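First chain A sits with chain B, and in the next complex the same chain sits with chain C.
Moving on to the complex of A and B:
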């Protein structure tokens, strides 16, 4: 957030139009939350290192940034053409609703159960996703019915969680981090190895059209195109309204499940383990079993996320490596760990803000200094630096409660 | 056992996105309007030039499309071929066997999903994507590959390579382990220091024009300075602020991500510190370059020096005291911050040195090489015992050796890195404190 400040200061005239935004449709809703929330992020940023004056300034900047995001996405939606700003807005809108954004949101919901509620340092969420995706895709290619293919993907991921949990959950938190990150890489190595080419397709993976069929067959959307505002996709197919509907329905369902779970007695146990293992143990609870249940449950969300992630594209092991895990972490911390909606908001913000930064860098800095490809890389540098600043200055993210996050798993 | 699999070499090089400077030499670049299939034919011994690759557009059932002409492309001197197209769809890619040199034959694909008739594969060509094109893997086999090497020679050669990798890993992991020991931080950005060493060496030698070994020395100094600045500017203030260990760890993840893309801004391809074929010497059946020998000597000397400093000098004792118990060390009059500053500086310097040597003697570094190296480093320090310097040394030698030697015992070379990680996970089951760690409660 802080890093974006430099960018927005030149662009804040856009903030004037903020009010117009309030009463719009679904699209505006999503982005408006983003605005309010981004504002909050800046508003309370910092601890003893920042004076209240600086914090106030960050607050205004964050409001401006949020308003800017909403405004240009809205303008793009209604079809106003202002040159590159609305083109960037168009990309942001497209990305915000993308099925893969939804997939990452589900993965982050799983990670939130691990880290946000239970305090487990899972650094291998992409491994859970990849296993879910392979389990699902290979089963379908082999002719297994859809429902069983999903179950096989879930089982693969659950088994992975148990195998990783047994040696590490009794140890200090960083052991789980090191083992999960290693194991996720092993999954990727095995997936891209030519030895199992016959099933996994090696580095080239499994093409979407080989396993997408059973899901698109379920569609009752019909065929043809449908457009609303600037959004124009086919109704059924790879990059379609149907895929978007399925993916976001799963997100809603996941949010609902987590909402109910964390308010249950079991959810309180999770937080108890996060806050003080010994206290929970002294109440006669089996801490190891609780951690294992959380690890498996979060892993199951990871597996579902993996399936959603590959449905619109294909299973490519290298696209689900450690970097994806890091994106999930950034999204989680951005939205707010240990909150129900934080993961969803964080995932949308993560992708949208990156496109905004890249778009601004690409279009305002001359090509001789930063060409398009380099602007993309610059966007990732900003993401990395934002992650650092976020953890230092606002560890609770946009929606979180600082008291919930003492981070000492 | 046997070496039958050795003869099978599937080489599909995923070539990185070329930089703007090389753009004009690029035979084929993907863009929004154009897609590109590409691959490299390499038997592992030689890159095959002048081999024809036949590309036919086919329909979903694999039959040639009506009215679409097949195209023949030929590999260049690096064994690379590429094929531009403007229409997305399925393409059957096949090696024309008559154009292969004697003693090399094409193999049918083992990938059921991609396999086409004969030695061909059928791929889904898409527009856009990687600018350098979609990699396509074609199997080729050199018929006489196993003729001139025996199991034993192969074992010796791998052992020497393993020792070399182990020494370089040790150089980097001692710092990682000492940082962990003194501050409790698992530094996920440590391997980026290695990449930085490689890149700095590349810039000093290729762009500035320094001779190799002075450049290596300078890299060590620069990286050490970077370590000092990091601790002064970032880690020390955060420690003072009382930021939790896990927060600090996530900060290192952000830093690793940012640094990687900084490297990508500099160059997106694998970089080599010196180009050209280095001189080598044959000792019995083992071939080794002089650069490798020098690198191994440097690493050994420095490792012995670190051991000496840790065991025999006051500052070494202070370091071990801080690693053991920072509060007690501070109470007994040790300047903990100064020790930690020194550890950061030395750790970064050694990691940078290991990086430039790695780039020099192993296979160059790429902006994301850190990802792979980091896992080996973590495996090494955990295997040896988190936080112990000598454990890191032992762990690194074991991991380096296992990674290079496991293919001799039949582990497919795709999995050689996975072997190290499997060993790590198995070890944690039976001896979670690591080989040299003390059996204390770490739960």
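Moving on to the complex of A and C:
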């Protein structure tokens, strides 16, 4: 295979020594292979595969789509009534500002620390979210004050990160991927097991009203409704302006924290580990500790995201499973890994574009061909196809640095 | 006898010759003041024994070359003593009087023994300058808790940057500082890796074929740098196949073959030793050495190869 340029030479057999016979060559690092695939498709190296004309055209289409999204949402916002496009625009606008979109953005910010900056393949971000949500919600139900409940949620997630990291971070990246995906599933299954019904509520989970109180009590927005343009929500409550303010404030704060961190020498160290662990080791740095810090930190963002995610609704284990993890990954790749704003933009785009596609399909194609439910499914198919197109035409994501692709590590 | 080193000014050639003149030219010989002492280090890969060194001392403050045919075990030996690979039980080695057989690769580097890799490990998607700055030890900004408070580390960062820039200038990479390391040529990456290793302020630097792929003019100036490192008091151990380079800068030569140290001595003498000739010829011809006709052919081939090397070195 052309892509598989993994160095299996004699240079540093430390890793090879551990599983000498078993794994040599079989486990070509997933991330490396992925990088090679994407680079071959879109990077300079992959010239013959796609002409630059095609790629240019794709660029125009993408810009056009972006402009269309903004336009429709703006028209909907100021209340220009164009029939169904306005209704779709309303939905898009609503989704773009939704607290759960903000929650996913925070989860993606954490995932970006894992994968974008450090190269850790965390395939179980939803597990971190779920633990954060359980820690928080159960504590509040038990009467723990808000601040401590948040801390408990964070600790649960940090502990999870350490437990997963200790056995895997010394091995190649693939092991972490396998362990996180199954551990997240375990968390979900334990959560939905009826054994712990008393605390977790089993598959039905924990009602939002049981733990939302302390957060809505903090609101200084007052009561009643408030509307700007087409946006109209209650001021305080589940689906309220207050929830939106809290969620997006946390997003801003998270972006700020990541911005400070990744520009520091610590952030440089993360990127160094992503590029070549052995090189960093040879310079006297404790690679294990760095990876662990990154795993825990990204996991903490995941926990916060989990709390934000459940606040406007409820803790339902099945709503925070593999699917959510894959949404996070899609949003990350869409916005651009290893960029500060990429996760936020990616999360918003991910949800908004789906509504746009579903809306257009539902309203233009006759029901006999595609009914509303099928249009929803069609939306997911389009998301999948666009992700493939993205990987082919713009593997660095919307905000990523094209230069980085020329050199797959 | 550490005093024997401290009394001598090792930047003088005569002093180095005097220092090593008392050392027996045999495998595993004792040095006046060893920086690195290795005992009973072995490493097997399946059936083959890649490294089997019973005793080796590397003298402080001089340049030692490690030579040997392809597959002799030089790189594996480097990997073992720098903690990138684990030897069979029973091995022990000390660096600067400190036992480091049980420590990790990063601790070995922090103790002051830093190495470069035969297959260069440039951090491709980072700039040349970032590559360099990663090498600096004890960075406050690399601690998670202080990293987000720029005032805590900005002064140190500036100093590190100045140091990195001056090293880059020395290695002729200054104008590349903002390019991604992945865009450098193979030779430039070798230079970057060496410069980055020097950012750690090592006591001893171990270079695995540093000149491979570097053009002759730059090789000359690199050799100058390596010598000046030695003159500043650094211990250098390097692997090299080019005998001219070895002869030119090494004060002592260690020869490995099939995992063992088969000879030691000054560059001039060691090449003449029978064990060395055998090692090199044996590596190229594993046919029946008892056959007289073949022996003649081998001698011929060896002479021819040497003549070619001579002429290459002159041009």
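Here, the second predicted complex is superposed on the first by the 352 of 409 C-alpha atoms of A that agree within 3 Å, B and C clash if a C-alpha of one lies under 4 Å from a C-alpha of the other, contacts with A are read in each partner's own complex, and residues count from 1 in each chain.
Operating definition for what follows: contacts are C-beta pairs under 8 Å (C-beta built on N, C-alpha and C of every residue); 3 or more make two chains touch, one makes a residue touch a chain.
As the structure is a prediction and not an experimental result, all values here were calculated from the model.
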Query raised in the report: Touching A:141, do we find chain B (first), chain C (second), both, or neither?
Result: first
Query raised in the report: Of the two partner chains, chain B (first) and chain C (second), which one does A:392 touch, if any: first, second, both, or neither?
Result: first
Query raised in the report: Where does A:264 make contact in the superposed view: on chain B (first), on chain C (second), on both, or on neither?
Result: second
Report task. Considering only the touch criterion stated at the top, classify A:286 as touching first (chain B), second (chain C), both, or neither. Result -> second
Report task. Could you tell me if A:198 is touching chain B, chain C, both of them or neither one (first, second, both, neither)? Result -> first
Report summary line: In chain A, both chain B and chain C touch residues 406-409
Report summary line: Listed in rising order, chain A residues that touch chain C in their complex are 7, 9-14, 17, 20, 257, 260-261, 264-269, 271-272, 274-276, 278-287, 293, 297, 403-404, 406-409
Query - chain B-touching residues of chain A, taken from the complex the two chains share - result: 47-49, 121, 141, 164, 166-168, 170-175, 177-179, 181-183, 185-186, 189-190, 192-195, 197-199, 201-204, 206-207, 209-210, 321-323, 326, 329-330, 333, 371, 373-374, 377-378, 380-381, 383-392, 395, 406-409
Report summary line: Per the touch rule, the chain C residues reaching chain A in their complex are 45-46, 75-76, 79, 82, 84-86, 104-107, 109-110, 114-119, 121-126, 130, 133-135, 137, 139-144, 147-148, 150, 153, 157, 180-183, 193, 196-197, 199-200
Report summary line: So, in the complex, the side of chain B touching chain A is made of residues 10, 12, 14, 17, 20, 109-114, 123-124, 131, 134-137, 186, 237-238, 241, 243-247, 249-251, 253-262, 264-265, 371, 375, 378-379, 382, 386, 412, 414-415, 417-418, 421-422, 424-425, 428-429, 432, 442-443
